[in-house]
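Some structures to go through are shown next.
Same chain, two partners: chain A is paired with chain B first, then with chain C.
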Partner chain A sequence: MKTASAGTVESMDCIVTASEADPGSGVTVQIAGASAARFGSAMRAAVLSVVSKMGITDVTLSVQDNGALDLVLQARTEAALERLKGGDVA
Partner chain B sequence: MSLRRTMLYLPGNNPNMLLRGHLFRPDGLILDLEDAVAPSEKDAARILVRDVLCRGEFGGCEVTVRINGMDTELWREDVAAVVPAGATGLRVPKVENPRDIRLLDEYLGEVESQAGIAEGRTAIFCLLETALGIWRAYDIATASPRVAALIPGGEDLTADLRTNRSADGTELATIRSLLVVAARAAGVDALDTVYPRVADDEGLRREVAFIKQLGFDGKSVIHPNQIPIVHDIFTPTEAEVEKAKRIVAAARDAAARGLGAVQVDGRMVDKPVVRRAEFTLSRAGLSGEVM
Partner chain C sequence: MSINAVGRHLPDAIPGYGPVKPFQGAAARVPEGHRDGGRLRAVYGGKDKVLPDLKAAIAASGLQSGMTISFHHHLRNGDHVINAVVDACAEMGLRDLVLFPTALFGVHKKLIPHIKSGVIRRIMGSVNGPIGQLVSEGGMEDPVVLRSHGGRPRAVTSGDVHIDVAFVGAPTADRYGNISGVGSRSACGSLGYAHTDAMYADCVVAVTDNLQPYPISRISIPQHYVDFVVAVESIGDPAGIVSGSTQITRDPLRLLISRYASQLIEASPCFKNGISFQTGAGGIPLAVTAFLKDAMKRRNVKGSFGLGGITGYFVDLLREGYVERLLDVQSFDLEAVKSIAENPDHIEISADWYANPWNSGAAVNALDVVILGATELDRDFNANVNTEADGALLHGTGGHQDTAAGAGLTIIAQPLLRGRIPCVVDAVYSVTTPGEVVDALVTEFGVTLNPRRTDLVEACREAKTVPLVPMEELVDRAKKLTGPMDPVVTEERIVGVIEWRDGTVLDVVRQLTPRK
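So, the complex of A and B:
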């Protein structure tokens, strides 16, 4: 299965890993890390808004958070998805 | 006149620094997509910098982006991402041909027009990092009305000159003087290169005093601790400000009374002195006092 990641383990950052999913399987988001327990649902919404904006319907995303603001979470999600789409797998 | 005493480089793939850099209160920020970003991270850094620009929280700092060189495939994508997101200036590395500045000017016009931004808003800051770039400094500075400043390189330039950087900067003395002359002749700012020894405050202080005396408007910095030192040297003392105010007031009074000559503290003051006094007030953030 093809996967791609973006981000770092530095503070205020996160690592987002995107993996291809079977057609029709939908979007799955897993969040772990510093803020997951308190802000998990807001973080999930931030990630999903990028997925939807990019018109992606089937993908699995895993977020390892280290205190990232929503805008960083979204930037890393977009980068991981672009890499997955473009075959630029990091 | 916007102050450019300090412009702080922030690595373009580091959210922590991108989001907090303005808290150290430099006059400007340089979100760096070039040397501070590994080749494999250029795409992710571009997206991150774009989104940080869109957020727009920089505490009044002038925000520029150092794009990748025009000898790479990356610069157009950098420009297309960061200009619509709000960057008001681009720092361009390794400029050595006025033709490149004209090409960038043209492309910026297209990007601004597509994004509904007033044409000409985006300024260009030229990094001259080779002997050829320094030699052509005036032609580069006048290649587009967007050019706002010339900046000499440090490490790259000394390597191109077949020397290395010394503690007293002997190898850059002539280069810096040439650059100030070119910048003044073209009517743009002269901003100095970084001081790489981040723990050497005294060395920084000496270098800033030297470049200020040469006529530079400010310096690029790579560590927040360098900011107060540079500001301290570039900010006029209270006595200098008071004297400048007296000179400007006397010149204003003389002009109102139709007199040519101005006397301050018992000495005749001519036009260049008045101009210098106005400049001192601008540097002190008192542009309102300037005629």
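So, the complex of A and C:
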């Protein structure tokens, strides 16, 4: 299974890891870390908005958060998805 | 059911706590009656109170299952005493003990097995780290009771809490029970939090790793309060007892906040000869003190005293003549420990003297300025320091309530966001300190004044040195940055009771529902 990630565990950043999912399995998002308890819904919405904007229908995303604002979370999500798509799995 | 003066709905009674007296206002409750006290005892003759070990002292103290044992937290995260005493109690078959520490630290996570096995039934005092998490998830039968540094001695002297046996970690003790906080490798300086316990407990056991011939000097707690003395290998790890020099923050954001706070103080009516302040050991408060020192120099203002937890930075202020005295309830670092042992103007005070609202006048009453932190503040300026954003009970109240109530100018200084968590919200999750005693919040966006303090609003407008940001604007800004918050999901069951310093209930903390 191919995976790719973007981000760091610095304060106010996060690591987003994207993994290939079987066609038809849909989008799965797991969120853990500093803000998950109080901002889980907002974070999920932010991640899903990037996924849909990029036209991706099947992917598994895992967020390890350390206090990222939406701006950062969305940038990390986009980068992880681009890397997965482009085969750049660094 | 009733609603208290900060708008919290409270039950009439809480299982394991008893009847609830709702908070009515910061200075509303007037006590009646007389002080409580320890058991009378007489000792005719004898020159030695030393017993061979902790178990011998526990047996001699008459400690039984279900009783209350107290400890001080001057050995902080280096403390070996609490764990060793509870281990010994467990081995002796004691159960259902009520632990009444002045605070607990990470090192005390070793108590968790004793909580689970029923040796400890209840904790009255701050819980943090793993024990706080355990309590928050419902791992203790009776609710934790959170009291401030002044509320605790109030509870003891008024008889709300009766201490059966006080175990006093003693950096130095002599064979007849005189105790000092200095003079050994485990020196912690002031023993302020231990005084009241020693005076009001039925039995007092000194636990030392520096037993000296009678009598020692620089005595904090004298022999006539102390029943038994036990010498142990080590009462604590010096590295955990005192920190190295506490550092002023170098983060530009925090320095900006500190400068705004200092400018607020300079603009306020407090800034004149005789000014007194408490700033604790945090990075921002220390930086505020540094900026304040510059301002005092520039405007030729001399202070009177520094209060509370004392650091090397305050010792320098004393030495350089910026303040005349230090009133020290807790010595944070090596410099403070050294100074309290040598300098007669560096004075040890008890928690009762420091902050108890029910005596003939505590030191906080004379305080002009205090700089504090908080996990969150709301539109009414109510402050929460006890629970984290996820609803877990992770912090003690400390002197927050007492200094806020006593000081002429109470400032909460911190960045608007910690990670994604905002420090201003519509309503705080738990109320630790009511907004009526909080005067200003200082963030990187400027100074937010409690509108109640019209004098400060006017002084700041006149000085034109501090940017003023209304609370509404700050809350909106925080919301825009962080997005909407999900509610904390809890059970009905109450796991923590937050008392105001007068023993009335400000708020309760409920058991967290496990997240899926």
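Going forward, the second predicted complex is superposed on the first by the 90 of 90 C-alpha atoms of A that agree within 3 Å, B and C clash if a C-alpha of one lies under 4 Å from a C-alpha of the other, contacts with A are read in each partner's own complex, and residues count from 1 in each chain.
Note that in this section a contact is a pair of C-beta atoms (placed from the backbone, for glycine too) under 8 Å apart; a residue touches a chain by one contact, two chains touch by 3 or more.
Treat the numbers as computed from the prediction; the structure is a model and nothing was measured.
Colleague: Quick one: on chain A, after the overlay, do chain B and chain C clash, or do they fit? Just give me the call.
Modeller: After superposition on chain A, chain B vs chain C: fit, no clash.
Colleague: Please indicate which partner A:82 is in contact with in the superposed arrangement: first for chain B, second for chain C, both, or neither.
Modeller: A:82 sits against chain B, while chain C stays out of touch.
Colleague: Looking at A:74, would you say it contacts chain B, chain C, both, or neither? Reply first, second, both or neither.
Modeller: First partner only, chain B.
Colleague: Roughly what angle, nearest 10 degrees, sits at the C-alpha centre of chain A between those of chain B and chain C?
Modeller: Spelled out: centre of chain A as vertex, angle of 80 degrees.
Colleague: Name the contact category of A:7: first (chain B only), second (chain C only), both, or neither.
Modeller: first
Colleague: Based on the superposed arrangement, let me know which partner A:40 touches: chain B (first), chain C (second), both, or neither?
Modeller: Touch partner of A:40: chain C, not chain B.
Colleague: Once the two structures sit on chain A together, report how near the CA atoms of chain B get to those of chain C, whole Å.
Modeller: So the smallest C-alpha to C-alpha spacing between these two chains is 6 Å.
Colleague: Please report the chain A residues shared by its interface with chain B and its interface with chain C.
Modeller: Correct list for chain A: 11-12, 68-69.
Colleague: In the complex, go through chain C and note every residue touching chain A.
Modeller: 389-391, 417-421, 481-486, 488, 515
Colleague: Report the residues of chain A in contact with chain B in the complex, numbered from low to high.
Modeller: 6-8, 10-13, 68-69, 71-72, 74-76, 78-79, 82-83, 88, 90
Colleague: Provide the residue numbers of chain B that touch chain A in the complex, in ascending order.
Modeller: 13-16, 19, 40, 43-44, 47-48, 50-52, 54-55
Colleague: Would you mind writing out the residues of chain A in touch with chain C in their complex?
Modeller: Touch residues, chain A against chain C: 11-12, 34-42, 46, 65-70.
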